[in-house]
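Before anything else, here is the set of structures, which you'll find just below.
What follows is subunit A paired twice: with subunit B in the first complex and subunit C in the second.
The block that comes next holds the complex of A and B.
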C-alpha cells in the first residue's frame, strides 16, 4: 500500500487546493490580466469616439519622432475627431514587419514606402496601396489656403513635382513625399580651427586634403586619437565615389553615350572600353582613382570596418573633424554639438580646383537636379479611413506644417516656399554640374570584383595596376564579363517588357470590361504605356547594339 | 410525436429557405461573379480572375445556351486575358487563350471584343511566354494587319498600325527601320487628327535616329514636340537627344538653341539644364535661369567648371 493511501482525504475547501486548481487559477488570472491589458492598450490606442489612423515608419533618427508627434498634435487641433498613432519600427525589421501586416490585411493606414518587395514591386504596390494620381494632380491641398500655394494642384506644391513618387510602369502615384535627402560633409569647426588655425571650411579638394593633414599632425602633436574624417557609409558609391567619378568622367559622355539619352550605362561603358575609347590608363580615370585613394586615406586605416554608429561616435567624440553622411543625421549631430558647446557646419564635397592636383582632369561637380522626394508615405488600400489618411498627408505636406515639421527634425522640407534652417541650406540639391559618368559595374560579377578591388585599393592593400588588371580581366572574361552582362541585361529587359505587357493587357481589358469607368485620362495613360512599350522594341535594341559591337550573336542565358 | 413533427417541419423549412437563397444567389451570380473577376483582373490577380471568369462563363452559358451572350463574351474575354497574362505561362494556357480569342474574333459572333481579341492574338504571336515559345513576328504582323483591315475606323486601328511598325523596327535592319518609320508617317498623313500621332512621330524619329538619318530624326521629333509629347513630363532625354543631334551632327544652331532652352525651361529636373546653359553660352544665345529648388541655397564649394564644346566637355 502506498503512504498516500494512509493519509486522510482533505475535506471542505482544502479538497480543492491542489496543483491542478492552483495551476488553473494562475492561468485564469494571467489570461484575465492580459485581456485587461489588451483592452486598456486598445482603449489607449483608440480613444472612444475617435477615428484612428496608424502611421508607420523606420525613421528613428533623433528628432524625427518628436517632430511627427508635433505634426500629429497640430492635426488634432483641426481634426479633433481623429487620433493618429505613430509607429516607429527599426529599419532592420521594418520590411518584414510591414510584410506581415500587409499579408494579414492589418497594415497601418499610412506606411512609409520601402524595405520590402510588397512596397517596391509594382504588382504588390497595386494590390496594397491606394493610387493617388487623381487627387495629387487635380486637387489643391486645402491646407495651403492663404499661402502662395493656394489653389495649386497638390503635386505641383512639391519641390520635385512628385517625380520621386511616380511609378512609371504603373503610370500612377502611390505615395506622397514628406522630405528630401542629400548627402554632404559635416564639420567640427572647433577641431578644424584647432588644427588649421582657421574655421573656414575647405573650398576645394586640395584644401580639404591639406586640412586633413593638419588634423593628423594635431593628433600626433598632442597624442590625441584623431582620424581626420569619418564616413557613415564608408566609400559609398552614392555618397562619395559617384560624385567624383562624374567630375572625372563626364567628359567621356560624347564618346560613350551612344543613344544620346545623357546617361552612360554599364553596357555603354563596356562598349566604350572594348572600342578603346577609354582604358584604365586614361588619365582622367587614373586621376579619379588617385584622388579617391587620397580621400580614403583621410578616413584612416581600416575604414572599411567602421560602420555608421562608430563613425558618428568618432565625430561626436571629437576624434574626427569631418563626417560624411546624409541630411537625415543633422538633428542628432546638432544635439550632441550643442550639448558640448561645439560649432557644427555642413559643406559640399570639395572638388579639385584649377591648378590643384587632378584639377586638369576634373570637369565639375555632379548635378543633383534629379533628386526626388523622400520619406514617402503610401495609403493602405484596405484602410477604413483612407480619406482621413490622405487628409493627414495633405496637412503634413502643407507649406507651414512641412516647413515646421522638417525644421524640428532638421530635415529638408519638400514643399515649395518652405524655409530651410540655416544648418540645412548646404543640403539643398545642386542644380549646377554634370550627370553622366562611366559605370564599370558591368554585370554582377564585374561589379562584385570591382567593389572588392576598389576596397583593397582604397585601403592600400592593392596597387592601382593590380586593381586595373583584376577588373579588366573580369570585364573581358567571356563567361562572367561584359558579354555575360549583356546577355543578362537582354534577358532582364525582355522580362521587364513582358511585365509591362501585363499592365497594357489589364488596361486594355478593363477599358472593354468596364467601359463606363474608362475616362479620357485612362486613355491617355494607355497611350503613354503603349508608347513606352513599343519604344522598348521588345529589348531588341540591346541585342542589336551588342551584335554591332561584338559582331556575333548575343550569348544565350 | 409532436417533437418528430417539429423536426420534419424544421428540415422542410431549412431546405426551402436554402433553395430560395441559392436561387437568389444563382440569379445574381453572373453579374456578381463578373464584377469580382473584373476586380481581380484590375489587381493583376490573374489566377483568381481566371477562375472567376471561368465560373462566370459556365454560369452565363447555362443561363443562356447557344451562341455566347454578352455576359458570356465578357467572361470569355476576361478569361482569355487572365490566362494569357498569368505567370508562369505554359503552352496549355496560351492555347486556351488563343482558342477563346479566336472564338471572340469570329466575324459571325459580331462581338465587341473581336478587335481587341485579334490584337491580343497578335501580341501572343509576338511574345515568348515559356520555354520554346517561338516569337512569330510574321504572324503577329498579319494579325495586326487584319485588325486594320476589319476595323479601319476604330481607334484600335492606330494601335495596330503602331504595332506593325514595331514589328519592323525591332529587327534593326536598315530597310526595316525605314519601313517602320514610313508606316507611321503614312498613318499620320491619312489620319492627321489621330491621338496616337505624336507617339508615331516619336517612333519614326527613333527609327531614323537608329539609321543615323539625323535630319529626318530631328524633324520627326519636332513634329511630336509640336503635337505635345505622349509621355509628357519625361521628354527631357529626348530634348537632350534633339539638342545634341542639332548641335553636333547637323550644326543647326537654331534648333540646338531651341531644345537646349526647352531643357532648362521645361525639363530642368532631367539634370541636363546646367549643361544646356553652358551650350547656349557657347552658341552665343540667351541663357535662361534654372528655376528649380527655389529655396535659398548656400554657395556650393566646388571648383569652377570647364567649358563644354559641341563634341562634349573638354
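The block that comes next holds the complex of A and C.
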C-alpha cells in the first residue's frame, strides 16, 4: 500500500462508513421496522378487553373481503365486546395452512371448510370441528326476528335446507353455508352486438356456435385477435363437460345405475361397458364428444394453456365475447365492465335444441337442485369462543345481513327470501333436469389417460377413434384398467370397514367400562355413523358384482 | 501366527510390567484419556443438535419412505404390509411410470447442452481484465437470484402466451414464424425420406439409440490396451444400458412369460432377445477390435460418426415426423399443444445462463494459478486452446457437481410442469415426469405406499447415475 493511500485512509467514525456497514444498517432498520409493524398489527388485531374471533377463508375474489368486513362492522354494532379478525389465505395454500393450524391446535375459530383432507375427511372433521346438528335443527336464528323467517329452525332458513352441509356418514352438520355457487357463461354484449348485429344472448348450442363463428369472422375482418370464448378452468368437468355429459348420457341410467341410487359410479360405468350396454360407438357418446370438440373450438386452439387469470384478462380486454366461469367472479367482471362502459350479461350454458345437430341425442339440461350451499364455515372444536363464533354465523346468515353481504360481494345469497341482484339471477340453480351421467374415470390410470386423450381430442390433435382406442385399451388393460380399479375399490372398502369395526369395537368396550362417558352426544352419533358405514361398505357387494360379471375371482391388489 | 501371538504376549507383558513399575505414568495416561474424552464429549455435544436434526428431519423421513414402500398405505389409517408388491407393480404392471423417463431423458440431454452457456459466461467473466467490470457482472448475475421462483415462472408463462406472449410477437416480427411454417412442411418430408435409414439402423442395432450406445462405447475405449477387468466393466455397462433401451419390450416379454398380456408390438417383443444379444455381441466385438493397436487410431472417428449419424436420425428422422399444424395461424399455443410442450420445456430459461452455475464455475476458474496461463502462453496456446487445455479440465470438478445437481433436479423436479400443465401432465400426458407421476400417485390417487416405492426406484436410479458421474466425469489434474 502506498504512503498516499495511508494518508487518504479515513479516521474516526468515517472509517466505519462503507458499503458493508451501510448494508448491515439497512438490513437492521428493515428488520426493526417489520418487527414494530408486526407488534402494531398484533395490537390492532387484539384490542384490549374484547373477545377475538378469527375467521379464515380463501375467497380473495374482488368484493368478498370488503363485504365480509362490512358484515363484521355490522356485527360489532350488535356485539361491541367482540372483535372479529378476517384472514384471507390464497386458495393454493389454504389447505396446507389450515392443516398446520389444526394440527398445532391454533386454528381460527371459524374456518372455511375445504382444501384439505383434515377437513373433508369424516374422521378428521369429527376430531377438529364442532357438531352443530342440535343448534341448526332445533333453534331458530335469533337475528331473523321480525322477518318472515322468525321462529323457523335455523337450517330451514337456507335455500338448500343445509343439505350441502350435512355429512351423511357422520349424521351431523359441521358447517354452515353462507352463499351458493353455480357456473355460467358471462357475455360482453357490446362485442357480441358488433359481431352478430344483435345483443341477444344465444339460447341454444347451435346459436352459440353460430355467434362464435361470427366473432371469429369479426376478428378476421378487422385484424383483431378475437377468441370467441375464454374459459377460466379450461374444459373443466364441473363447469363444462359434466353439464353436457349429463344431457347426452343420462338416458343410460336405467341400464347402468344398478344400485338405483341416481348416480352412475365409475365401476357401474365399467360394468355397463363390459356388458355391452354402451361403447365408444354409442351414438349419444359420439355426439357428446363431437359437441365438446365444437365447444373447445370456440375456446381457441391451445386452450389448455390458458389459466384463470389469462382467461379473465382476455375477456376484460375485449378479446373474447364469452367467459366460462362461476358466480364468484361476478363482482370483478362487473367492476371492470363498468369502468370500460361495456355491458355485461350472464347466461346459462346453451344446450343443443330440437332440430339442431346433436339435438336428437340430448335428453335435457342437468339438474342443479343438489348444488348445496357454498362458503361453508365450520367452528373449531377447541375454540374458546364457540358460542360467539356460532352467533356470528347466525348473524351472517340472517335474512337481511345475508342479502346485503352477498349483494355487496355480488354473490348468490343462501337465505330464503333474500333478494338476488339482477346480474346474478341467471346463476340461480336450475331445479329441473337430469342428474345421472356416465363416469369413464375408472381408476387412476384410466382417469389420467382419459384426461390426456380428451384434451388432445378437444385440441384437435387426436381423432375420436384414436381417443376411443387409447382409452378402451387402458380400460381393458388387466393391470391398470377396470379390473384393477375394482380390486382397489374392493380393497379400500374392505380395509375401511375393518378399520371402522375396530373403532366400533373399541368404543363399545369403552362404553361397557365407562358407561357414563358413552352418553356424550357426539360419541353416540359417531357410533351410529360407524355402524351405518360398516353396513354400507362391507365391500362384499363390490366383490359379488365383479365376480358375477367377470366370472372370475376379484384380482388381488 | 505363532510369532504374532508371541509378540502380542510380549507387548502385553511389557506393558504390564511398565504399568506396575510406573504408577505415575498410568495416571498421566488416564489423565490424557480423560482430557481427550472431555474434548470428544464437548465436540459430540456441539455436534449433537446437527446430528439430531439430521436424524429427525432427514434420515427418519427417508427411513419411513423405505418402510412405507413395503406397505399398502393410503396416507391415513390403512397400512398393510405387502412385501415387495409395490416394487413388482412398478417394474412389471405400471404402464405409465417407465414412459415418464422418456421425457426426462430428453430433458436430461437438453439440460446437458443448457449447461454450456453458463460455462462460457463464467470463462468470459473470468477473462475480463477490469476487476470493476467483473464485479459489476457478478452482481448482475446474482440479482436474478432474489426474484422469487414463482415470479420467474409467471414471466415465462406470459412469454409463451399464444396471444400476447413475447415469443410469438418476436417470431412474427422477425419473420421466423414463416420459417417455422416452412419447417412444419419440410421436416416431416425429410423424416419421410430418412425413414428407410431409420429402419435399417434400427434393424442393425435394435434401435437408433442402440447405435448411439455402441458409438459411445467405441468413442470411450481407452487408448491403452484394455485390461481384462476393464473389458468386463464396459461389458457390464453395455448390458445395463442395453436393457434400459429395450426395457419396454423386455417388460412385455416378462409379462408374457408370466401369462399376462402383451401391450407393445408383438414383433418387437419377439425379436428382443435376438437384437439384445446381437447388439451386445457387436459392442463387445467393437471393443476388442478397438483394443487392437492398428484400429485404435480410428476409434474416435468411428464412434463419433456413429453418434452423429444416429443423433442425426433422431433429430431429422424421428422427431418432427408429422406436421404439427400449430404455426398456421401465426399464434401457436406453446404450452397448450402436446407437440409443442417438450420444445417449450427445452427452451425454458433461455439463454440458460444459470446464476449458481456461473458462480460455481467462476470460483473454479479463479483457483487456476496465473503460472498455468503463463506457461500456456509460452507454449503458444490461443484463447480456445486455453479453454480446452486448461480451463475446462480444471473446472471439471465443478462441472461434475453441477452435472449431479442437474441430473437430480431433472429426475425429481416437477413443480414447474405441475404448475404449467397440472397433475396429469397436460394434453396426452405428454409432460408427465417421474416426480410428477409420484406426486399424482400419492396426492391425487391416494396410493402413498406405492408412491414411496416409486421414490425408492427413482432414488436408486439417481444413485447409479451419480456413481457413474463420480467414476467417469473426472480428469487427472
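Heads up, the rule we're going with is that the second predicted complex is superposed on the first by the 477 of 557 C-alpha atoms of A that agree within 3 Å, B and C clash if a C-alpha of one lies under 4 Å from a C-alpha of the other, contacts with A are read in each partner's own complex, and residues count from 1 in each chain.
The rule we apply is simple: contacts are C-beta pairs under 8 Å (C-beta built on N, C-alpha and C of every residue); 3 or more make two chains touch, one makes a residue touch a chain.
Keep in mind the model is a prediction, meaning the values are calculated, not measured.
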Examine A:531 and indicate which partner it touches, taking first as subunit B and second as subunit C; both and neither are also allowed. first
Taking the superposition as given, does A:261 touch the first partner, subunit B, the second, subunit C, both, or neither? first
With both structures placed on chain A, which of the two partners, subunit B or subunit C, ends up touching more residues of subunit A? B
Is A:314 touching the first partner subunit B, the second partner subunit C, both, or neither of them? second
Per the contact definition in the header, classify A:514: touching subunit B only (first), subunit C only (second), both, or neither. first
Is A:501 touching the first partner subunit B, the second partner subunit C, both, or neither of them? first
If we overlay the two complexes on their shared chain A, which of subunit B and subunit C does A:449 touch? Say first, second, both or neither. second
After lining up the shared chain so the two structures overlap, which partner does A:302 touch, if you call subunit B first and subunit C second: first, second, both or neither? second
Both subunit B and subunit C touch subunit A at residues 123
Of all residues in subunit A, which touch subunit B in the complex? 123, 126-127, 159-161, 163, 168, 201-205, 250-255, 259-263, 347-348, 350-354, 356, 359, 362-365, 367, 369-370, 413, 416-420, 425-426, 428-435, 494, 498, 501-502, 505-506, 508-510, 512-514, 523, 527-528, 530-532, 534-535, 537-538, 540-541, 543-544
Subunit A residues touching subunit C in their complex are 117, 121, 123, 225, 227, 300-307, 310, 314, 319, 444-445, 448-449, 451-453, 455-456, 459, 461-462, 473, 477-480, 491-492, 495-496, 499, 557
What does subunit B use to touch subunit A in their complex? 34, 38, 41-45, 74, 77-78, 81, 84-85, 87, 112-113, 116, 119-120, 123, 126-129, 135, 159, 162-163, 165-166, 169-172, 195-196, 199, 202-203, 206, 209-210, 230-234, 236-237, 240-241, 244-245, 248, 268-275, 290, 292-298, 300-306, 311-314
Given the complex, residues on subunit C that touch subunit A span 72, 74-78, 80, 85, 89, 93-96, 157, 160-163, 260-261, 263, 326, 329, 331-339, 420-421, 424-430, 432, 440-441, 444-445, 447
